[in-house]
Each structure stands twice: as C-alpha cells, then as structure tokens.
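Order of writing sets the labels: A, B, C, D, E, F, G, H, I, J, K and L. Residues in every chain begin at 1.
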Amino acid sequence: MEHTYKHIELTGSSAESSDKAVQNAIEKAAKSLKNIHWFQVIDTRGYVEEGTVKYWQVTIKVGFRIED
Amino acid sequence: MEHTYKHIELTGSSAESSDKAVQNAIEKAAKSLKNIHWFQVIDTRGYVEEGTVKYWQVTIKVGFRIED
Amino acid sequence: MEHTYKHIELTGSSAESSDKAVQNAIEKAAKSLKNIHWFQVIDTRGYVEEGTVKYWQVTIKVGFRIED
Amino acid sequence: MEHTYKHIELTGSSAESSDKAVQNAIEKAAKSLKNIHWFQVIDTRGYVEEGTVKYWQVTIKVGFRIED
Amino acid sequence: MEHTYKHIELTGSSAESSDKAVQNAIEKAAKSLKNIHWFQVIDTRGYVEEGTVKYWQVTIKVGFRIED
Amino acid sequence: MEHTYKHIELTGSSAESSDKAVQNAIEKAAKSLKNIHWFQVIDTRGYVEEGTVKYWQVTIKVGFRIED
Amino acid sequence: MEHTYKHIELTGSSAESSDKAVQNAIEKAAKSLKNIHWFQVIDTRGYVEEGTVKYWQVTIKVGFRIED
Amino acid sequence: MEHTYKHIELTGSSAESSDKAVQNAIEKAAKSLKNIHWFQVIDTRGYVEEGTVKYWQVTIKVGFRIED
Amino acid sequence: MEHTYKHIELTGSSAESSDKAVQNAIEKAAKSLKNIHWFQVIDTRGYVEEGTVKYWQVTIKVGFRIED
Amino acid sequence: MEHTYKHIELTGSSAESSDKAVQNAIEKAAKSLKNIHWFQVIDTRGYVEEGTVKYWQVTIKVGFRIED
Amino acid sequence: MEHTYKHIELTGSSAESSDKAVQNAIEKAAKSLKNIHWFQVIDTRGYVEEGTVKYWQVTIKVGFRIED
Amino acid sequence: MEHTYKHIELTGSSAESSDKAVQNAIEKAAKSLKNIHWFQVIDTRGYVEEGTVKYWQVTIKVGFRIED
C-alpha cells in the first residue's frame, strides 16, 4: 500500500529518566493524533539544579500515517 | 514581498520508483494545503521482499507559503 | 513540571537584515500559536539582484508549549 | 518480539538508473543473505564519459534479521 | 601492540528500555563473535502502539579485535 | 600517476526525473570542461505546482582532471 | 539580562545505566563549578566484557553561567 | 525551463556586521559574474583584537545561472 | 612559529541583535583571557515573548593562543 | 560492468604514524579478503602516555568487489 | 581591510603519504592561482593494490584572495 | 571504576607534518594537565606560501581523567 506519513518534532520532559521523557511526549501527542507508529530520538538534554539532573528533555520525531 | 513559509516533513511510498514516492507524498499533502511550492529530499529508504525492492519510502520536506 | 513542546520550521524574509527575517517569521507564527518561547536558526539564505542582497531568507525552528 | 538486525553497506551500479543500482545491490546481497528487509540510500555517485552518465553507483545500508 | 579492530552495525530491540535494547544486541552478537570490547549508540528509535512505546530499537556500532 | 582533480558544484533541472536533472547538469558542464569523470549527488529538491512536481533540481559535485 | 554561559565537555561512566553516567559526570563537575544549569548528550558509548555491557560512557556538554 | 546553475564559495569580510560581510562578498563577485541570484551562509567567523570583534568573516555559497 | 591555540565554547546574549550577542560573549571572555584572536558561530537561538525576539543567544567557539 | 562492492569498517593502529595505521588495517584485512580496492579515512584518534602520542588509531572504510 | 576570498575544492594524489597528496594539489593549483593562503582537508581516501596503499587521494578546500 | 573525563579542544601547528602538529599540541597541553590519555583529530588545515605548505594546523580534542 502506498501510505503517506507525516513527522512532527516534540520535546518531552521527565524528572525520572530519559526514556520516560520520550514516553511522556508520545502520550501527549497521542491525545490529538491517531496512527502514531514510530519515533526517533533527535536530541537529549536536561536541566540541572545543585549538581543533580532535575529533569530530562528529549526531542523526538514522531511519525503517523495520514488517513486516506 | 516579505512572505513566511512553513515546512513539514512527509514520507511518501511507491512500489514503482523513488521519484514516484516523492510525487505521491506531494499529492496527498496538496489535498489539505494550498501554496505548496517546493520540496527537498531528506532520506531515501525502502522495503525488500525476496531480494526485490517492494516499495520505496522517500522522506521530504515540503514548503508552503502562509497566507497573510 | 513535565511540559511537552512542539517545534515547527518556518522561513521568514526581510529586505532589511537577517535578524529582521527571524523576527518576521515569529510575528507571523504568533498570530495563530500561543506559548512560543524559543527559536533556533537552521539556515540563512537570500536572493540577489544586480549584485545586492534583495532580501534575506532565514529558516528557524520555533518551539511552543502544548497546553495541558 | 526482541529481534536483532545487522546492517551492511553495499554499492550497486547500473548503466540504466539510480533506482536500478539499488535493486542490483540488493539482488546480489540476497544470494547469500536471508531475511533482508530494508535499505537506506547513503550516497549517490556515478561515472561520466563524454558528457554522459555512464553508470550510476549508489551506496546503501541493507538491514537483515539475525536468526535466533 | 598494533591490533586491528572491526566494527559492525546492529539494531537491538527491547520492550523494556533503550539500555536493554543495547544489551540485547550485544548478547546476540557475542554468540558468534569473540573479543567484542566496545559499542557506540548510532540511533535510537522505537515503535508505538496506542500512545505507548511498544519497543525500543537502538542501533549501535560494535567493535571487536581481529585475532592475529 | 599523481593526477590532480578539481570539483565544481552544479544544479541541473529536469521536468522529467531526478536522474535526468543530473544528466542535464553534466551535459551543460561538458561543453566547457574536458575530462569530467565522476559526480556525486549533494541535494535533491524540486518545484511544485498544483500538487505536481513541476521540475526536479539536483545539485551535484562534478570532478574533472586538471591537465598537466 | 545579558548573561554569558560557558560550555565544557565531559564523559561520565556508570556500570548501572546510561542516565546514571550523565548524573555521575554532572556530580563530579559540580564539585568545582557553580551555576551549572543544563547538559546535552553528545555521544553514548560503553565497554563490553563477555557479552555484557560492563559500563556506560556518556559524553555531555555542560553549560554554566559565568558570574559578573 | 531546464536551467543549470553553478555554485561558488566565497568569504567576505566587514568591520561593521555579519550581514555586511555577506553583501561585500556578493558585490565583489558580481563584478565578474552575471546572473547571481541566491546565496547561502555556510560559516560565520571573525577576528578579535583587545576583546572587540575587529571584523566579521562570513563564508557563503553563491549560485548563478549558466547561460545557454 | 609553532603556536598552540585553545578553543572554548561560550553563549552570549543580547536583547539588541545576534551580532551584539557575539560581541558580549567576547567581551566577557576577554576579562580573564589574553590573546583571544578569533571566533566561530556555532548556534544562533533566542527567546521569544509575545511574538517578539526578547533576546538573542549565540554560541561561539573562541580561540586564544597559549603562551609559551 | 555492473559490479557490487561491500564496505567494512576497520580501525588500524601504529606507534609510528597515522598513515602507517591505515596501512596496517589494510594489510590485516587483505589476509582474508580479495579484491580490496579503496579506503576512506573516517576517524583519526590516538593514545597518549606522558605527553607523547603512544599510538595512532585510524578508522577506515574499506571497499572490495563481491565476486560474481 | 575588507578582502574577499574564494575557495575551490581539489583532490591531490601521492604514492608517498597523505601529507604529500595535499602538497601536490597545492603545487598544481599554484601554477594558475596567485594568493593561495590556506587549505582545509575535506576527505582522505586511497587506492589499494595487493594489500598495500598504492596512492593517497586527499580532497582539500583551497582559499585564495580575490584581487581588487 | 566510574571515572570522569574532561575534553578540551586545541590546535597545534608544525612546519613538518600533520602528525607532528598533533604531537606539538599534546606536548604543550601536558605541561599543565596530568592524565591526558587520548586525542581525536577534529580538523586539519594549513597555511600556504608560494605554493608550498608553510605549516600544518591540526585541531584535536584531548581527553584527560579528572582526579577524585
């Protein structure tokens, strides 16, 4: 089948882990987009307070199928 | 004139050729977007079955003018 | 707080300067998007007529917070 | 399922077209590898004689599943 | 000593975490390769179902010493 | 032999296909340069009108031997 | 305010996880630097022994404000 | 129309501003080249004396149409 | 002469312009470093409030000669 | 002729020079591979002891023709 | 002074060493260009025969001042 | 052991060879830094006078262990 996919770029954050920041961004996106089926990590950053990672900020590309 | 353009990223697919995968993505996008005027190829991939390219998947950036 | 941000890519133009092209893209985007809070310059180009920069075209990523 | 994939890099050539150079590399690889399921174009080059593209040389990454 | 190393590229997957996807790829490779001594993460992707990361797919380069 | 090569960058266009845009650039260059012997594709873009690729614009590096 | 920031590049290691390697580098840096406020992951590598990730080595850029 | 364009790389300098360094390079190039119609900024550097930017050095690609 | 140079990475900010952000970072660095003689722009970003660039943040590499 | 080439990635080392590290990797590879015909340098690194380069480590891609 | 520089890309070869390949390209270029004042190495490759580097091919950018 | 490493960027120069420029930068750095244990070549440039490489300028990253 000749599907078309659109990609959008999101940054999710999490105080817990870099993986959780990805999951948070996808959950938020899934509220308004159907058919999300993959992501790619583009950039991993974070904020620091008093020598501790306060929260992770991971930028991902998310791909979803455009419905016919 | 001081126009502003927006770019979106799409992946089109085609069983026929890499050029056709680009054309398919643009056609699909043109259904909901006016003023598309250029694209740039970002990535060319494909799926293989039994030693044959089954379909091409070409990711493009598409630029369109934001109307005033 | 575990905010999520979306990034979009825009090209602004200006006959005046590269900085003004950035400002023009942001102004246009702010008409339809709330919560824009940063940009990153991706590409700086321009058109030339008779040996003079006729207008600057600067492509930026713009980040805005997705509301909960 | 938690599959593992291996990627190898190949350059295929064709006097006919860039797409055909990809297909030629995959066909040759499929003679010794089972389970090839995708490719990605890495580089497109070619040789020229007397102002004509004599043959296309396209470098691809090919991914195949390592059997358990 | 003037050792020579070879690098191969693998994608491991895991439903659990991005780190576990790396570990899975290395374990599978270690079944047929002796002397693996380092890896480098090249790309982190994943598949999504119903707004949840279903599994992580991490591509790594693995380096191993070629025996004399 | 210790030859020296020079590379120049060209953009060719074609209404027909991306491969033809490469061929067009090489033909034009060959009118003034002897000894062209390879090219590399640097960027593939195109212009769109009414949801159709109007013409392909492919940027290539062309290498030719400097005569002694 | 017109602050100035300096960035330094560090590699942290951890036997436990890639996230912990980042945290370890930041903790060590915070012993001699005040005002660290962000990091960016540059490279994720690791050492392997007997088919197991022995420790993770994550290279980060760390940014801190230069005091006036 | 199936035009062919050539790109050349220039570095312009200016004591005044980064934008002026671009304009200076284009003016100089326009003395010997007709049909210059775009540029892209590749690199922005500068020389410093006693804590002050003494002059800006901006490297651009300049594109011009090859006449038939 | 066989000099050695060290490079450091700084981010300067300015409410006024991108060029001024570069100048601000260099001025601050020159307070503690002698022999600064060049910079290279690495990244241009900025913060936005109410659809206006509030301040520019430009990251540069600064090179200075290590004294013998 | 429509040959197919495979590329592998190797790191050679030498206490003597960076060029010698390349030669060492190729000699080792040539023991098991026929038809090696080119290489490309990917990365040049080295180990240091007491302020002296102890050995060079150069990573190369090596291309060889797959026999029909 | 507000000089303008042009950059060209050359590949030099040498049977002897990678450094000599650079020197050979510069010597050849200096026959027709005055005012060459710097180069940058872009790519280092080579041809192999019977497990030995037969000749080095180094691609450089060469910068020269355009006279007023 | 969970060591932390810091990387700094240096440019060494040599009239003799590119390898010697690396060695010169490391020697100079070793005067003030203990525990240097690796380098990576980032950029190879040089200055030219009268068609001859006058001196090589090689930029490296140098890594050293931060003591506990």
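Simple rule for what comes next: contacts are C-beta pairs under 8 Å (C-beta built on N, C-alpha and C of every residue); 3 or more make two chains touch, one makes a residue touch a chain.
As the structure is a prediction and not an experimental result, all values here were calculated from the model.
S.K.: What rotation angle, rounded to the nearest 5 degrees, superposes the C-alpha atoms of chain J onto those of its identical copy chain K?
M.R.: Nearest-5 rotation angle for the superposition: 120 degrees.
S.K.: Please compute the C-alpha centroid of chain G, do the same for chain K, then give the distance between them in whole Å.
M.R.: Distance between chain centres: 38 Å.
S.K.: Could you please state the distance in Å, as a whole number, between where the Cα atoms of chain F are centred and where those of chain J are centred?
M.R.: Computed from C-alpha means, the inter-chain centre distance equals 31 Å.
S.K.: Hey, how far is the Cα centre of chain G from the one of chain L, in Å?
M.R.: 22
S.K.: Which residues of chain L are in contact with two or more other chains?
M.R.: Correct list: 8, 18, 29.
S.K.: Please list, in label order, each pair of chains that touches.
M.R.: Pairs of chains that touch one another: A-B, A-C, A-E, A-G, B-C, B-D, B-F, C-H, C-I, D-E, D-F, D-J, E-G, E-J, F-H, F-K, G-I, G-L, H-I, H-K, I-L, J-K, J-L, K-L.
S.K.: Can you name the residues of chain G that touch chain L in the complex?
M.R.: Counting only chain G, the residues touching chain L are 8-15, 24-25, 28-29, 55, 59.
S.K.: Can you check the complex and tell me which residues of chain C touch chain A?
M.R.: Per the touch definition, chain C meets chain A at residues 1-8, 61, 63, 66.
S.K.: Sort out for me which residues of chain C touch chain H in the complex.
M.R.: My answer: residues 17-18, 43-53, 56.
S.K.: Quick one: in the complex, what on chain A touches chain E?
M.R.: 18-19, 22-23, 26-27, 29-31, 36-41, 62
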